[in-house]
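Same chain, two partners: chain A is paired with chain B first, then with chain C.
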Partner chain A sequence: MSGASTNTSPKTPVRRRPGLLRTAWRFGRTKVGVALTGLIVLIAVVGPFVAPYTPTEFVTKPFEADADGALFGGDNRGRDVFTRFLWGGWTLLLLAGASAGIGVAAGTVVGIIAGYRRGWVDDVLMRVNDVLLAFPQLIAALLVMSIIGPKVWLIVAVIAVSHMPRVARVIREATRKVIEQDYVKAAEAIGLPRWKIMAVEILPNVTSPLLVELGLRLTYSIGVVAVLGFLGMGLQPPTADWGLMINENRQGIAVQPWAVALPVAAIAVLTVGANLITDGLSRAAIGIDRGVEK
Partner chain B sequence: MTRLIVVRLFFGALTLWAVSLVVFAATQALPGDAAQLILGRDATPERLAALRDQLNLHEPVAVQYMQWLQGVVQGDLGTSFSNRMPVGEYLASPIRSSLTLMGLAALVATPLALFIGAFSALRRDRGFDHGASMGTLVLASIPEFVVGILLILLLGPGGLGLFPSVYAREGGPEQWTLPVLTLALAVAPPIIRMMRATMIEVLESEYVQQARLKGLSERTVLWRHAAPNAIGPVAQVVALQLAWLAGGVVAIEFLFNFPGVGKVLMDAIENRDVPLIQAVVLLIAGIYILVNLLADAIGLAANPKVRVANR
Partner chain C sequence: MTGYSRQNESTGTGWTENVLRVEGLTVIGRPSDVEIISDVSLTVNRGEILGLVGESGSGKTTLGLSLLRHLKRATQITEGRVWVGERELASLNEQQVRNLRGRAVAYIPQSPASALNPALRLGTQLTEALHDDTSTSDQVAERVREVLREVALPDDPAFLRRYPHQLSGGQQQRVAIAMAFVGRPDLIVLDEPTTGLDVTTQAHVLETIKAMTREYGTAGVYISHDMAVVADLADDIAVMYQGELVEHGRTEQVLSAPRHEYTRRLLMAVPLLRTSGHTEPATRTEEPLLRIFELSAGYGRTRVLEGIDLSVSRGECVALLGESGSGKTTLSRSVAGLHHQFEGGLVFDGQALAGTSYRRTAEQRRRIQYVFQNPYEALNPRKRVRDQILGPYRHLVGRPDDPDLVVAQALERAALPASYGERFPEQLSGGERQRVCIARAVATRPDLLVCDEITSALDVSVQAEIVKLLRSLQDDGMALLFVTHNIALVSNIADRVAVLNKGRIVEYGPVGQVMSAPEHEYTRALIADTPDFELSFPGAPERLSMDSEGRVTDG
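Here is the complex of A and B:
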């Protein structure tokens, strides 16, 4: 994060306003968010390399709470809870990251086209958006999973599609403000092709809402991927996955709470961290936008 | 304003129709047809053929869709594969349970959220406000089923042991506590934030200043002058949160084994009970669209510019 924000630091003699990331970094909540998210990402990435066992190895009796050599006891099949916890994070991060990234990218394209072209293109795109928005996110995912079956690419696709209309709405609004600016009119006057105006003139000027949306969608993606795993409609056994771990071990919650508590705590910390970063970004974006208007 | 609402209603109906199309199309993507699904893998060809005739599976897909839609409009949602009961009849009791659960959650969450939001606005930038702001941020980020599990870990049999963590038919009223509490906690944060933001805006307005300068008591200023002007946007958020409940209730019912529509949906998915899946998804999407429309209408009605424009 700090590495990226140096890009916006004033290298030219002209004094520039501090960029979005740098402004966001000034808020204490952003720092806390980065620390929390970083901690979970670290566990998820390094975890598989330091895990004491393999995730499918039987080490204890089912739901054994204090077994020798198993720090947090065993799970419903007697596999080491700590090992499965260390293994179970990267799938969640990967799926959530991919679906948020694809969804935000698709939403940005649709939003910019709808906002810039206006007229019937705008009408058609936004009506399709409204239909997509009519499905509660989770219900849409469940419907597709139940019919076609839980597959990894399908999880990513369904969540991305459900993000798209929400992102498109926000980016469309931002685009409509940008196209009033003189530099867009100037670009039109010198005859730049439309796709180039959208990519070179408009896109760089909607990055503030774009980053805020990315943070927001990432938080939601984590939630949806986790809840799908929890409902048994996400990754399938014997994968070690935090959502699935909660599903598998919730029957033993009274005797062996660790098998549920560890993944639950990780998901909670991760989502809170991601949302704190998003909050910092959106506060910074509001400040920057006000600066432009005045 | 009436025209605007009629236009929204039209688009709502159009959306619902599109949803029905999606739901029907999704079931066409199933491997094997309905007859195969009902009779299972080891059905004899003769029985399959007979059932296909009975279900009109030889008709073109468009005709099948029209027949299905006709049934849905007339309240005939088909027969459940797994228990051979008419879907409408089977769903009656879960719908009642779910509505009660959602109603209780809304009843607990809304007044509390409004109060906390208003109080935060009055105590702006002081301890209570900061605490509430942090609390809503944390609660809003955590997925609702995680909130539910945290509550179970804390108050359930493994923790303080105050409430049962699983719903049982013969259990007492205390088993409603955790599901209702979880949903209320999931619904409240956006309402609190909206109430706070709107109240702050209203409290800074000139008519509130004027009311204060007249020497009215703080209570009169608050409840006669400030609060009514905050209702519009807040009511809209409350409606949106209720719409969210329609989908959010699924994971919570699954978690607590609560016998509502969400549990029915998960069981139906487990059994590949297509008519039941179709019915529940349509039902939830329908409620979602309807309440969203309501939120739209409230938003329009609460906006004086729109209300006065067409007079």
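Here is the complex of A and C:
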């Protein structure tokens, strides 16, 4: 590990150690990850504005491979694949981002409360977590979708709920390490309200595992949203969505491979990129021990 | 066994039997190429102990480890040679070094608990140290029993079947010593082996180490920051400062005529155990600021404190002296409202104090402030010093009109420049961190400061400065409840002292009386076992300059 070695001369004012993000950026893998993720995010965000057609416009014959004006041919209904590819990303990113964000936020709150309050609060929260953990993520999502029906908010809610206990466990462990430190006791001694201790003293000191969790949960969310789309339990036709596109066009994969290959490649690159970033973050988090140095 | 030459010149010439000879050793750190130790030369004679003294970060442990040809990660020897007996360490290959370790050179680390493998029985670990196949198992077993007898531990099979956790700290350290001596090494490196032990145990362990090196004719290198221990134990003293050996000589000579300015400062910083010359504290008639009566506390069903009666008056420093496990931290935390499992009374300025800080009034919380033992843990690493100080202030006093002024004043009282407000804790040294902790505590202008071992994680020179700072705070009218295990420190700072042993106060009175005429045998043993030394060089009487009133030099 290329540990920080900034304090070469004790006389000059000591520079701060680089933070988690900066340390992570030093790894080549993080840079590659950011480049890959950035590329896909760029396609998803800018795509709808530069797309040659609207996503529901019929341009070609179904599964026509080399039609004029359609770079990657047409899909199962004869809509432009390239246009639908450019349109289909932002829904996936939005759903994955929202569910990961909500799940991690809820998990952090539960984890910090359980870790800090201990006692029966801890017991109740963590046992509920265990129950939630017992459901396999995808099966639970499919079950809820098939009962209530595929709705956008439901996709986000189900994925967020399935992330919550996993995040809570990690954050609870991190919290328990932090509350052993005397600055938490110092805050208790002056009678700082509990919620403030959790927000001001504990939360900033669990950001390292938090960032790693966020990356990890984002990766999983992308996978789950795409799979739900593919299984027909996600967004419904005629929405342009990468997961849905794979499902719709898989019968024509022999004659028109682009219609499947483009969304598959995009999801793969996105997942690999997010994973590389997460990997860089977790490596940096192991290197930096933000607690006691001696 | 000490009839060897009194020559101590570091050249290593003459007939003296140098077991260890180091010439021009330089170790650098990678990748920064900073010299951790530079151009160090020293010798140690057979049967003698060299005390290697220095502050944390002075390179003493790096030097100690390089004597075993062990280097920490990312460090490298670039120059110099080390001879142990006839062997030059750099010329040996890995296999030869392994054979050397444990037989010709041995190492006793700081914490015995981490040196012993908790999963192995003592017998196994001691036998392991004799890792060659030249001797039969009977010989090995006999040697193990012999060395155990020498360190005054039982040698019966039942003892050998024990696990490390079944021993006390002192016993564990003896086992570590036995392990080091079992192979009859030529050189033994001791890295602060008594730091975690209480003074009585420390005295015994030091006695054992001394006797063993004499008997085996082993050269010892005793690494320590504690000048008093080294003065007691060592024949030679070497002082390290920022990677350089600034002084090396016979112990008497270094203590009586230190040549280097740094040595002089280091010696003066060590608190001297004063047993006489105390001024009698004025008898106080008014109601004390803090009164503790009939207090017992515990954790669950375990009682840690029984029947504690104690009082602290305004502007007075009351020391709570006790060793680890005596319950002193529990008592101080009860006062601060951090430990609520107690019965009995706490009265602060005429009003009863609730068990937890949350049930106390803001005014009470403001007037009692707590400073923690370990400055590395007591500051939130993600907040600037400024916010560390303003946080409690805003909560207890209110929103300040001029936050910068509050921060500057608090830092000034802790003898730090106002510019430190913009720093993060990781940009501060240990002593500076502790000053920030004190600044945070005094920012709200408390009447009582509870200090829990606040100097034990710091170097002696820093300790002296912190104690000086506390003195000045006390002169401003602040009362101190000073919790410590260091009796020498108590004898210099306290007005009254309470000696705590196994959860009870065994002796309580003015510090002069307790130090000069201790009544309880525990106090007497504490005073007798505390290592101490005398200074006779010019200027020495001003040692521990926090001590203003006329002090008798003979300690």
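The rule is simple: the second predicted complex is superposed on the first by the 275 of 294 C-alpha atoms of A that agree within 3 Å, B and C clash if a C-alpha of one lies under 4 Å from a C-alpha of the other, contacts with A are read in each partner's own complex, and residues count from 1 in each chain.
Everything that follows uses one rule, which is that contacts are C-beta pairs under 8 Å (C-beta built on N, C-alpha and C of every residue); 3 or more make two chains touch, one makes a residue touch a chain.
Bear in mind the structure is a predicted one, so any value in this text is a computation, not a measurement.
Within the superposed three-chain model, A:I148 lies in touch with chain B and out of touch with chain C [touch as defined at top]. In the superposed model, A:A254 lies in contact with chain B only, and not with chain C. More residues of chain A lie in contact with B than with the other chain of the pair chain B and chain C. In the superposed model, A:I139 makes contact with chain B only, not with chain C. When both complexes are overlaid on chain A, the residue A:L36 reaches neither chain B nor chain C. When both complexes are overlaid on chain A, the residue A:V158 reaches neither chain B nor chain C.
Contacts of A:L192 after superposition on the shared chain: chain C is touched, whereas chain B is not. In the overlay built on the shared chain, the residue A:I179 is in contact with neither chain B nor chain C. When the two complexes are overlaid on their common chain A, residue A:A284 makes contact with neither chain B nor chain C.
Of the two partner chains, chain C is the only one touched by A:P204; chain B is not.
No residue of chain A lies in contact with both chain B in one complex and chain C in the other. Looking at the complex, you find that chain C touches chain A at residues 29, 31-32, 34, 56, 74, 336-338, 357-358, 360, 362, 365-366, 369-370, 372-374, 376-383, 391-392, 395-396, 423-424, 426-428, 430, 437, 440, 457.
On chain B, the positions that touch chain A within their shared complex are 11, 14-16, 18-19, 22-23, 26-27, 29-30, 137-138, 140-143, 145-146, 149-150, 152-153, 156-158, 165, 243-244, 246-248, 250-251, 254-255, 265-266, 268-269, 272, 277, 281, 284-285, 288-289, 292. Partner chain B is touched in their complex by these residues of chain A: 127, 130-131, 134-139, 142-148, 219, 222-224, 226-227, 230-231, 233, 246, 250, 253-255, 257, 260-261, 264, 267-268, 271-272, 274-276, 279. By the touch criterion stated above, chain A contacts chain C in their complex at residues 2-3, 5, 8, 13-17, 181-183, 185-192, 200-201, 204-205, 207, 290-294.
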